[in-house]
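Following this line, the structures themselves.
Common to both upcoming complexes is chain A, partnered first by chain B, then by chain C.
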Partner chain A sequence: MFGFILRRLVSGVVLLLVISVLAYTLLYVGGGNIARRILGQSATEETVAQKTAELGLDQPIIVQYFDWLSRALTGDLGTSWFTGQPVTEGISSRLAVTLSIVIGATIITAIVSVILGVWAAVHGGWVDKVVQGISILGFAIPGFLIALGLVTFFALNLKWFKPTGYVPFAVSPTEWLASVTLPIIALSIGCIAGVTQQVRGSVVDALHRDYVRTLRSRGLSHNRVVYKHVLRNAGGPALAILAVQFVGLLGGAIIVEQIFAIPGLGQVAVIATSQGDIPMVMGLVVATAAIVVIVNLLIDLLQGWLNPKVRLA
Partner chain B sequence: MIDLTPATIPPKAARTSLIVRLLKTPIGLASIVFLTLLVLSAIFAPLLTPIDPNQASLQNILGPPSEGHPLGFDSAGRDVFSRLLYAGRFSLAGGLLALIIAAIIGVTGGLLAGYYRGWFDSVSSWFAGLLMALPAMVVLLAARAVLGPSMWLSMAIFGVILSPAFFRLVYASVTAVRDELYVDAARVSGLSDGSIIGRHILTVVRAPVIIQSAMILGIAIAIQAGLDFLGLGDMTIPTWGTMLNDGFVNIYKAPLLILWPSLVLALTCMALTLLASTMRDTLERSGTKPKKLKQRPTAGIDPDKVPAVTHDEDHRTAARTGEVLLDISDLSIGYAQPDGSTKTVVHDVSLTVRRGEVHGLIGESGSGKTQTAWSIMRLLPEGGHVTNGAIVFEGKGLAHATEKEMTKIRGRKIAYIPQEPMSNLDASFTIGSQMVEPMRVCLGLSKKAATERALELLSHVGIPNPKRTFAAYPHEVSGGMAQRVLIAGAISCEPDLLIADEPTTALDVTVQAEILELLRRLQDELNMGVILVTHNFGVVADLCDRVSVMRHGRIIETGPVRAIFNSARHPYTQSLLSAILEEGNARGELAPVPPQTTTQGVQS
Partner chain C sequence: MFRWKRAAAVGAVLALALTGCSAGGSNDGDSASSDKLTLGLIATATTFEAQAINFANEAPYGQAVYDTLLKATPEGEVVENLATEWKYNEDSTVLTLTLRDDVTFTDDTKFDAEAAAQNILRFRDGTSPNKSLLAAVADAKAIDPTTLELTLSQSDPNLLVALTQNAGMVQSPASFENADIKTNPVGSGPYILDTKATVVGSSYEFTKNEDYWNPDSVHYDALSLKPYADPTAMLNALKGGQLNGANTASNNDLAEIEAAGYTVNPFELNWTGLILFDRAGTIEPALGDVRVRQAINYAFDTEALLEAVGQGLGTPTTQIFPTSSVGYDEELDSAYSYDPEKAKDLLAEAGYEDGLTLSMPSTSGLGTTVFTLIGQQLKDVGITVEYTDAGNNFIADILAPKYGSTYMILQQDPDWALINFAIAPTATFNPTKYQDPKVDELIETVHNGSQDESDAAVKELNAYIVDQAWFAPWYRMQSSFVTDAKTDVKTQVGNAYPYLWNFTPKS
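Coming up: the complex of A and B.
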């Protein structure tokens, strides 16, 4: 098991390094123009050259990258070109907000899709048809349209929730819950659709395995076999799709945060992107990749716990 | 992202006109009609509205619908209806660009990686993993930060990000067919790689790629709209996303403004997804149809629909056996079909098993012997049920017993040994826990007592290191070992009747002999009645007291084993017997090997 964890960890770190190299190269390859973009068209050649040197952009890209990497390893991701704020601070102050809605959506997705997927697979018949139909629709409609619909209906028409704004958990747990409920629902629906299909599929698959018959032939009831053996075996594929969906949730959060005016990474990302704040964008890319790597690692560990064969892989 | 990849689509199905069959389904028809209208309205936008979508006017800002302006005006005083039509051009074209790039990269990469394997395979698979590791939105934002707000560039990049969807699909299909015999044959006959890929492999991947394309197009259109909705797109061209952005900003002042682009976008994405899922369903259904036709029983006279040849009782056997345990009479088993009819797979089977007697059920695969065995435990696959006849076990009718009654009988009274040892153990649990669980339920033992009994049983069935096997997972033991574990599990509650479904078929020849010897010993010790399903007359000769020969779901000949071997009367039985005689030493005496000396140990 220890070897398994170590291998996963190494491959995650390698992935992170490759992403940082690619992102850095693509973001900084425009060298000279960057200073010009910051200073505007009216700046003289001299001040542009000065700014370029100040930002370290006159160095070869490889030197720049290793400079960035050595500082990144100490937790310093540079400073924003526009606000002068350290990138690490800009990201870490918003991280908790985004993670709270993304993790909330992941948990809701996991719970609801296991219930729906197992119900559809075990019950079959009309339940199966209805669940499948709904999940195709839930997947088809883009997540941000669902978010817009939720805002219009529950916040603007029914006034059950405040349409926008975020209350930190530390300030008021109940208001925090009220402020993240709609965003989490908006994010979850598309995800639930995808994961439900997968859970249903893998439960149907597991139900037809030979060992189900053999266990029942030993006098175990159908329910016992389903809830102990079938669920555990269907858990692996379901977790794999949940990992994929989590990546999608991080992307979806950017739009949903914008709609509900939630001060998370999404807002930072949109502002940094429209300004061309390269150090901030770079920091966001690396932070997102790191989150994905960590989540994948956790899911791999769960997989290993669920299925002993995985530990050998 | 969702994975609506079709599981397996037979290559032939793609050949018949898919469009025609799609148009016959209501959802397929509606999707195609909607998408066609959408594309036409985008292409012929100038004919449908004379107004320039970018023509702004200050006095019309957020103006209501009026003559010639059915949907009113947006925040810059531009005509909403005209923008909606022209936006279709850009939104659809952007989605198409992403789709085309994703398909070119993904399909080519998948074909090459799947066909040639080698380094290209590992490199491209790794890249596909890399592309899936970042949210597309983050990559698009990063690209926007450097490259500026160009829809075409964003969509081209998104195409690259989406390419793994095609890559994985094509890769999986190609690796599945590349080792097929017909591809091998083509290679041997001297066809070039190019024409093999073109003729044999592309036909296999075509249908799944078309389905995936519909999905991808929907995703691309949605993400493009999302990017524009964030206000990060090119604001100079009308798209559904920029219209959504405008509507959202003015949601308090003009709530209807956001409705139209939302509606068009939602309907488009729905139509594409529904089209994909309908295509998949249609192809899957057409793929299974011919098979079902073939399985349907042929009309006319069934040559086996005659009374079974029954041999006289053999007194030597009768003396050794006890009372009747199981009495099956006129048993028929049927499967419910999707069209409401029932397909009968076992007809009018009658047989008895006495205590201490081994009754062999022999026949080719598909003769109904396993179905008969499963029906005794009432563990037929989904849709299967007893349509006629009676199963009486120890004086109790099982054919229509409730599930609760059956649960009490299974394990305690009737036990089962399956054919394939590995797939009949749950790979996620240790061997020990799979033995302990039923004993606790059936015998009400404590965990400790059940563990002790499991270890005893493992040692009793000839496992050299019971503790190690108890703690092992199924994939850590050999097939012969696993079969011993299953036998130990089956006899753990000391059943009266044991149903063994080809218990040695999946094993090596040397292990087969040991397992048969073990079964004979246990049957003797526990004085069980046994139904032994097999296709091997050697096994019958070795173990059985009585034998019934099955063909096409019927018993055609039955009697004491000596009578069948000495004077088989049915031509089918005679041909089965002569077949094994030709094989040579199959009937030879199996040397009794003490299991302890030659068993394969636990693999570490």
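Coming up: the complex of A and C.
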């Protein structure tokens, strides 16, 4: 078990290194004149040259990368070129925001899609058809449209929520809940659609297995068969897709954060990348990759716990 | 039946959760109360370090925490602030300022001439985009605690204005070496940045400086500055009543914003049209011929472009000098009224009867239709435009310079600043360093002549570059600052964002 976790962590570190090289190269190639972008159109060419030197952008890419790497290894990810904020501080403050939306959306997705999926699979008939219809609809409507629709209806017309902004949990738990509710719903809908289908599929699959017939023939109640045995067997594939969706949600959060003006990782990623804020983008790449590695590791462990068959081959 | 009960229970829980949220949501109207001013911006604070600080759209960030040596009224008149009196020597190369003695920084150190001098020199040597505002300063010295002397390498007609902007901001010298200097400013200004409540890049929260020396200029107990990267998010924040005021990135949503109860405060700050950089014809030989440049001016139906590109909000012009300038001449605005036939004749005279091709940069940042329209209008007179998409390197590329001409939006600064920004051989927006003896002579008179001579020279310079078609301006654009029913504002001549003290609660 320990060896397994260690192996996964080592491969995770190698992955991080490779990703950081790729990201740095891409940023460098696509960067253009970053000093000019920081200073805007009123700065003279001399000022731009001075800024370029100050940021070390006049150095060869190899030098720049190793300069970044050597400092990153000591935990210093530098300072954002466009806000002056230390990157670690910028990411950690925004990570909490994004995670509260993404984890919220994942929990809602898990609950709602298990309920809907199991209901559709077990009940069948019209329930199945309605649920399937709804999930296809939820899948087909683009996330940003859902988000805009939610803002217009619930925030601007009904005035139940504020249309933009984020309130930290520490400042006011109720306002925090109000500020994350619409974003979480906006993120969840597409996700629920996908996961519901998967849950329904695996439950239908499991229901047709021989052991279900055997259990039933032994006189176990319907509920006990479904909730104890079928669900557990159907859980594996559902969990796998949920993990994929979680990583996908980190991407989906980008649009939702833009629309709701929420200071999360997605919002800063869009802005930093378009500006060429290399320290911030590199910090984000490292943080996101680390999250993905850790989430995948956790899911593997959870899978093993749920299903002894996959326990550490 | 069991399944139904379960579903109903889940539904009830969800409903409770939602109503719980709505109660939380409706109870807080804190963001737009009259004791707090909440403003929307289109730019984040690049840095709070006075030495490198930005201005224009970022002006409120600096003005919240720093005092400037001098201050500008909304009309642009220079008045006292940290400096109460100022005087030039005979040839305007030494400026002596008398400073207040009752000002304290928020770290409890005292403001004096030494602090002011250090800030002046740091700004001159720093990396602010506007550092050239102090390029003429050779030295800054504290003669005594309340007397500051600036020695200039040559006179600078724009220096006093510069000291009302970021070049005049004063930061506590004791904070120069602070590690968090970029995000935790220490000044003597009307507000203090609350770094705990601030989310960098998203919302900057300020509390009132209780010990401020000039309390009459402070109209709010708290200030919140919120930059929006996405215009839709800002529009929704306005429609939801979350902002007291905001500068809109474009005029596209004005009707919707007005419908939400906001007042539009229009002002003219920028001109838009073409810059014909290559007056010597080194990159595009055709542009070296004044007849070709004039033909380009005649080729544009500026009234139609104002409707199509600027939603009709603006005033057609041929001049890059603002109406507030002594050089502005209303009659010049009809110098190149739309005349495609005349354009063709001029091109033929210049030897381009079979047409010519110009390469220009484009960028989605300035829209897409505008570049198509330029192509069409020039095509009509025989000029083919070949575009290269410069993306977000647009400004760097045009200033490299990689092109002989380009579409652009430029600010209309006060005369001396404008000359040094767009006309002089050393100007940033004269990247080909084009020099014309007559222009040099006029600039010299503007610089060193008497007030009357200088004013006359500005007028002649403006007329000359219109005649020489250095540019092909279309119109002055309307900028729009919107305010809610509780807030009054005076827009600021020469700046994209109203100065902070121009905001007052509506009684």
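Note that in this section the second predicted complex is superposed on the first by the 252 of 313 C-alpha atoms of A that agree within 3 Å, B and C clash if a C-alpha of one lies under 4 Å from a C-alpha of the other, contacts with A are read in each partner's own complex, and residues count from 1 in each chain.
Please note the rule applied: a contact is a pair of C-beta atoms (placed from the backbone, for glycine too) under 8 Å apart; a residue touches a chain by one contact, two chains touch by 3 or more.
The model shown is predicted, which means the values in this text are computed figures rather than measured ones.
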item	value
Which superposed partner A:292 touches (first chain B, second chain C, both, neither)	first
Partner chain(s) touched by A:84 [first = chain B, second = chain C, both, neither]	second
A:219 touches, of chain B and chain C: first, second, both or neither?	first
First, second, both or neither for A:18, with chain B first and chain C second	first
Chain B versus chain C as contact partner of A:270, first or second or both or neither	both
Chain B versus chain C as contact partner of A:175, first or second or both or neither	second
Which of chain B and chain C A:137 touches, first, second, both or neither	first
Contacts of A:259 with chain B and chain C, given as first, second, both or neither	both
First (chain B), second (chain C), both or neither touched by A:67	neither
Where chain A meets both chain C and chain B, residue numbers	148, 156, 258-259, 270, 274, 276
Complex contact set, residues of chain A against chain B	15, 18-19, 23, 26-27, 29-30, 136-137, 139-142, 144-145, 148-149, 152, 156, 190, 193-194, 197-198, 208-211, 213-222, 224, 228-229, 232-233, 241, 244-245, 247-248, 250-252, 254-255, 258-259, 269-270, 272-274, 276-278, 281-282, 284-285, 288-289, 292-293, 296, 306-309, 312
For the chain A and chain C complex, residues of the former touching the latter	32-33, 36-48, 50-51, 54, 79-80, 82-85, 90, 93, 111, 115, 119, 122-123, 148, 151, 155-156, 159-166, 171-172, 174-175, 177-178, 181, 223, 258-261, 263, 267-268, 270-271, 274-276
Chain C to chain A touching residues, read off their complex	2-3, 6-7, 10, 18, 20-28, 31, 44-49, 54, 56, 127-132, 182-183, 197, 199-203, 226, 228-230, 232-234, 236-237, 239-240, 242, 391-393, 395-396, 399, 410-411, 421, 428-429, 431
Residue ranges of chain B touching chain A (in the complex, touch as defined)	1-4, 129-130, 132-139, 141-146, 218, 222, 225-226, 229-232, 244, 248, 251, 255, 258, 262, 265-266, 269-270, 272-274, 277, 374, 377, 379, 381, 403, 407-412, 414-416, 418, 420, 423-429, 434, 437-438, 441-442, 473, 475, 486, 489-490, 492-493
